[in-house]
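Please see the structure below; I have some questions.
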Amino acid sequence: MYELGVVYRNIVRADREAADGLAALGSATVHEAMGRVGLLKPYMRPIYAGAQVSGTAVTVLLQPGDNWMLHVAAEQVRDGDIVVAAVTAECTDGYFGDLLATSFKARGARALVIDAGVRDVKTLAEMGFPVWSRCISSKGTIKATLGSVNVPVVCAGALVTPGDVIVADDDGVVCVPAARAAQVLQAAQAREANEAAKRAKLASGVLGLDMYAMREPLERAGLRYVD
Amino acid sequence: MYELGVVYRNIVRADREAADGLAALGSATVHEAMGRVGLLKPYMRPIYAGAQVSGTAVTVLLQPGDNWMLHVAAEQVRDGDIVVAAVTAECTDGYFGDLLATSFKARGARALVIDAGVRDVKTLAEMGFPVWSRCISSKGTIKATLGSVNVPVVCAGALVTPGDVIVADDDGVVCVPAARAAQVLQAAQAREANEAAKRAKLASGVLGLDMYAMREPLERAGLRYVD
Amino acid sequence: MYELGVVYRNIVRADREAADGLAALGSATVHEAMGRVGLLKPYMRPIYAGAQVSGTAVTVLLQPGDNWMLHVAAEQVRDGDIVVAAVTAECTDGYFGDLLATSFKARGARALVIDAGVRDVKTLAEMGFPVWSRCISSKGTIKATLGSVNVPVVCAGALVTPGDVIVADDDGVVCVPAARAAQVLQAAQAREANEAAKRAKLASGVLGLDMYAMREPLERAGLRYVD
Amino acid sequence: MYELGVVYRNIVRADREAADGLAALGSATVHEAMGRVGLLKPYMRPIYAGAQVSGTAVTVLLQPGDNWMLHVAAEQVRDGDIVVAAVTAECTDGYFGDLLATSFKARGARALVIDAGVRDVKTLAEMGFPVWSRCISSKGTIKATLGSVNVPVVCAGALVTPGDVIVADDDGVVCVPAARAAQVLQAAQAREANEAAKRAKLASGVLGLDMYAMREPLERAGLRYVD
Amino acid sequence: MYELGVVYRNIVRADREAADGLAALGSATVHEAMGRVGLLKPYMRPIYAGAQVSGTAVTVLLQPGDNWMLHVAAEQVRDGDIVVAAVTAECTDGYFGDLLATSFKARGARALVIDAGVRDVKTLAEMGFPVWSRCISSKGTIKATLGSVNVPVVCAGALVTPGDVIVADDDGVVCVPAARAAQVLQAAQAREANEAAKRAKLASGVLGLDMYAMREPLERAGLRYVD
Amino acid sequence: MYELGVVYRNIVRADREAADGLAALGSATVHEAMGRVGLLKPYMRPIYAGAQVSGTAVTVLLQPGDNWMLHVAAEQVRDGDIVVAAVTAECTDGYFGDLLATSFKARGARALVIDAGVRDVKTLAEMGFPVWSRCISSKGTIKATLGSVNVPVVCAGALVTPGDVIVADDDGVVCVPAARAAQVLQAAQAREANEAAKRAKLASGVLGLDMYAMREPLERAGLRYVD
């Protein structure tokens, strides 16, 4: 996070199977499976609804109003990566548009997560290249100051280390440390396994109060019912 | 608002016909018919576009990061209710997802209005269960501290008493006190009655200046035209 | 900006061809072609996705909670105009709905840009009348205090002089001074001319690093690669 | 909250002794003694540091950009009151300055709590008339539209009924329902009674872990220590 | 506002006597005397309390994260000027510290108004060099991209033309167009002339309701008193 | 950051001399000496003006609305530490007051940096225990859910590893990695060494344009002067 002007070419990406498998679980289930940590702030929103992806993080540290390092990052992208971009100060400029998206896509990137602005969002939606960002802005950027590629970054309040797994959908974005990816996948799948049964019960009118056996602890906590 | 750890089981719901009839008028017209009061803050947004509902309020007071009371509330829901949830402090966590929505729907709830976050929004949209919320967040919650059900709450700046009518659409959310529901329905319908005629006039090019006879008061107020 | 209670009837609109032609280029390209200035703040968002328009500005200066001047403005609208509304203080009320939109449309307006709230957004989308606004709110307004029409206004941080060209799309809103419209159109078209070639190259896997000859300046700036 | 254009002259003020006595306890202790409810949102800040007051609420419902009702409220103020002002929409205008403060003070008011802006803050500090507000703004207001005096209002997220006790200091503002004032005073005093002993212990180096006997519950919750 | 890379050396400053005289009136009174316009947004706050200044504007247009133009501006400052700095995008970096303040002061500047961040605030307070800013931030800036000096700028929502009068105090900042300075001074003085008498009346217990003869218009507007 | 329910007792604190020496340089100079990184977001503000401290970080990860771990952290504090507290979700509650401050101070803590709220600020100022926080709030917290002590945390957008050096003053807060503390101290001292000479020059009227030899690069960049 503190190193500027450097590009790490060899990063250790999380297990591919785990990285790919987490998409299906979604950000909420994955975050629960991790023990309720790892989420980026909820101001990070998708530029269009419905995308649900996971992949390995290539990280970028940007300077305010300067997108030079996104071009440098493109070369480091491999199939199955998601680019995660942080800025050294708060900035709402539009760092990324359809040309960079074309390049990222050609290199195998699945998405961009950026704690700043993005533009050409209509074209990005038509291309099917999803972006989670702080905002949308036409404001262009310059190419004058060095940042870094593939150093650990704090993006929207979460630490992202290169190679970590990123899971993003309409609910938000979560980062899974590479070393925990396989275990989190398993835990998330286990979590989801019995959701269908629960859903059926609840749909039939059974109450969570009964299904989760909450009546007794609620009474113990002192809940009073008044008629 | 000040009572914690209590569930009121018998609430006086607004007249059903009025509660159901207000949906068609929409939040803007209803708020005007009430004398321009009763709106929740505009940061409350629908998780998907196009839903337009009304119903009687079952209220919930939640603790920060704790959704226990939503399960307690489910049991109090009847056909035609809308759950209105407030938190004792500002919180953006995702208190509500598809499982709770399945339960609420099975109990007859039409929607949720919550001054906090919600998740599983893609599934909620597919289920057709509308939610108006402060934000969308994957962040999960715990079940440890008591709040209350069916006490008066302040939700997004508006006082909501159990049984009041909630009207929500793409423009926002308004709360109509139960005792005024029938009268407000009438006033809102009267308001809307002559909108079609006005719209036709304006569409033909007639100016509001003339249709509303504004030229004279504008002149009196001192409006100058410069060529 | 400092004049209240006045309506300028004769404004000098930008060259029609330039005003109409800029829509196709979009806000990001136009803003770049102007030297990266003229943008309204990114909190200005379209009420529905996909609209892309340009037109000549009819400006309105409103008082907080008071939409009287929008009715006065309607009379000044001509074919191809876009109404740009500022408020003398920060306000989130819903100043504009489907009736005013019907009137504006009948007069030839293509869109509204307003640094405040708007309502009836579902109907506006059905009508195909696009609005860029600070927020959406059911809150109604009164008609009691004079503002002005066709004076220079600051709207969402940008100076807009009556007759300027407004370009708005999903990325945001930009204002082009009337005197520069033709030149900006040309510059924007030139900018876009070689985008197709660039896009094809990037899609084939060529890197921006090479296409833009960035490797040498990056090295000169001190960028280090670590294996 | 829903009634406009009315002034209630006879309100039931909380017990004077309780209303006066709560100031010494401060907003944090009083809010705890109430069961952790009743606080206004933390964006309400004092215009100068160090004031600590309590008193009985005279409430005002204002229209956006219009301070007419503050003049109406002045007449309803009695010795020991605190004026609590809400606005029907979000507004940052400067509703209140040194002239109104002079009048309020002459009538016996101890402070103003307003969910909007205030001005002349240097003079107010010199006068020793404390205000808790959403912001500071030079923006003036008009006198054109009716609100109400002494109706229940929602101010900064809290319901305030006329006659309730307001406690405000550098930490924030809390509202105590009139009926609970005496009991809350007692509870708050009890709470504070053993604080001196606790403070002395902690100052001597005793840990809260031991003083509050937290080690065992922490262990039960699973806390691990790693050397 | 649209011109980058240019420094205007000869600007027409407002009448010196008016520019100097307006400080004593303060931002609220001056804004009222102008017809309630010209204020910068209320997020502009002084870095220390108690400063009250007026002077003629030297304007600066800055790029995000780049304070190069502040050094260029220093040369254009004359005795009695206030530097007004805007940024082409939203930025919270600390553009200005004690070294630049030393330089500005030596050139005769009375204050800085900047729609961005400032640092070394403790030293600035000790030097008695007042700044009104969007925020305080340690974040440093670079010197790489041209902006402009003495072009019209939009600063915190207000248009400021070089030579205009800036009035700033604890209540906020207002801009008076150079051409209107003398007239506004007169109007502001007239406004203030009878404030002492009013204050004395109000202090004696006379109500604004009577002093401003509001009872009759309130009754006409329909105000009801309930006992 | 991802580990909950654990307390690391043995952390490697930065070199004491460096940790202590950095206070005198201040957050702005230290951040520049690090290459312009390491700052916490500017919304972190001191609860009173004038404090300037540095020390070694003891980190705490808190749950929303729950301050249990602050008590656990107290035991891990040694002379010269600064407690840095992050929350797993956005929260404005008042986690810390005068009792905890008494305990922290008794253990040798110099300050608290917390990305949440704090209360009893008047007493904290009287005690001379400085706090940098997101906000001030009377809202109390519970003690029910485990977080961690001395794990790496993201606090207000910056990664803080236990043992890092924290430097905080009126301008903000910066985190210096333990391993770089001595080198940063040296760089910061070097940076400050020639500030006195520069200040004297600027005070005598020499322009930064000349002192920093900016005229030539500005001309090369294309700056035009217009008379």
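As written, the chains take the letters A, B, C, D, E and F, and residue 1 is the first residue of each chain.
Going forward, a residue touches a chain if its C-beta (ideal position, glycine included) is under 8 Å from a C-beta of that chain, and two chains touch if they have at least 3 such contacts.
Computed from a predicted model, the values in this text were never measured in an experiment.
Chains that count as touching both subunit D and subunit E, per the definition above, are C, F. Separating the centre of subunit A from that of subunit D, both taken as means of CA atoms, is a distance of 41 Å.
Here the spacing of subunit A and subunit F, counted between their Cα centres, is 28 Å.
With each centre defined as the average position of its C-alpha atoms, the distance from subunit D to subunit F rounds to 31 Å.
Counting only residues that touch two or more partner chains, subunit C has 36, 39, 42, 88-90, 92, 137, 139, 145. Every pair of chains meeting the touch criterion is listed here: A-B, A-C, A-E, A-F, B-C, B-D, B-F, C-D, C-E, D-E, D-F, E-F.
Interface residues of subunit D, counted against subunit F in their complex, comprise 26-28, 31-32, 36, 39, 42-43, 45, 49-50, 52, 169-172, 174, 195, 198-199, 202-205, 207-209, 212, 214, 218, 221-227.
Listing the residues of subunit B that touch subunit F in their complex gives 63-66, 88-93, 139, 142, 144-145. On the side of subunit E, the complex with subunit C involves touching residues 1-2, 4, 34-39, 41-42, 88-90, 152, 154, 157-159, 177, 180. By the touch rule above, subunit E contacts subunit F in their complex via residues 5-10, 48, 68, 71-72, 74-75, 92, 94, 97-100, 102-103, 105-107, 117, 119-122, 135-140, 143, 145-146.
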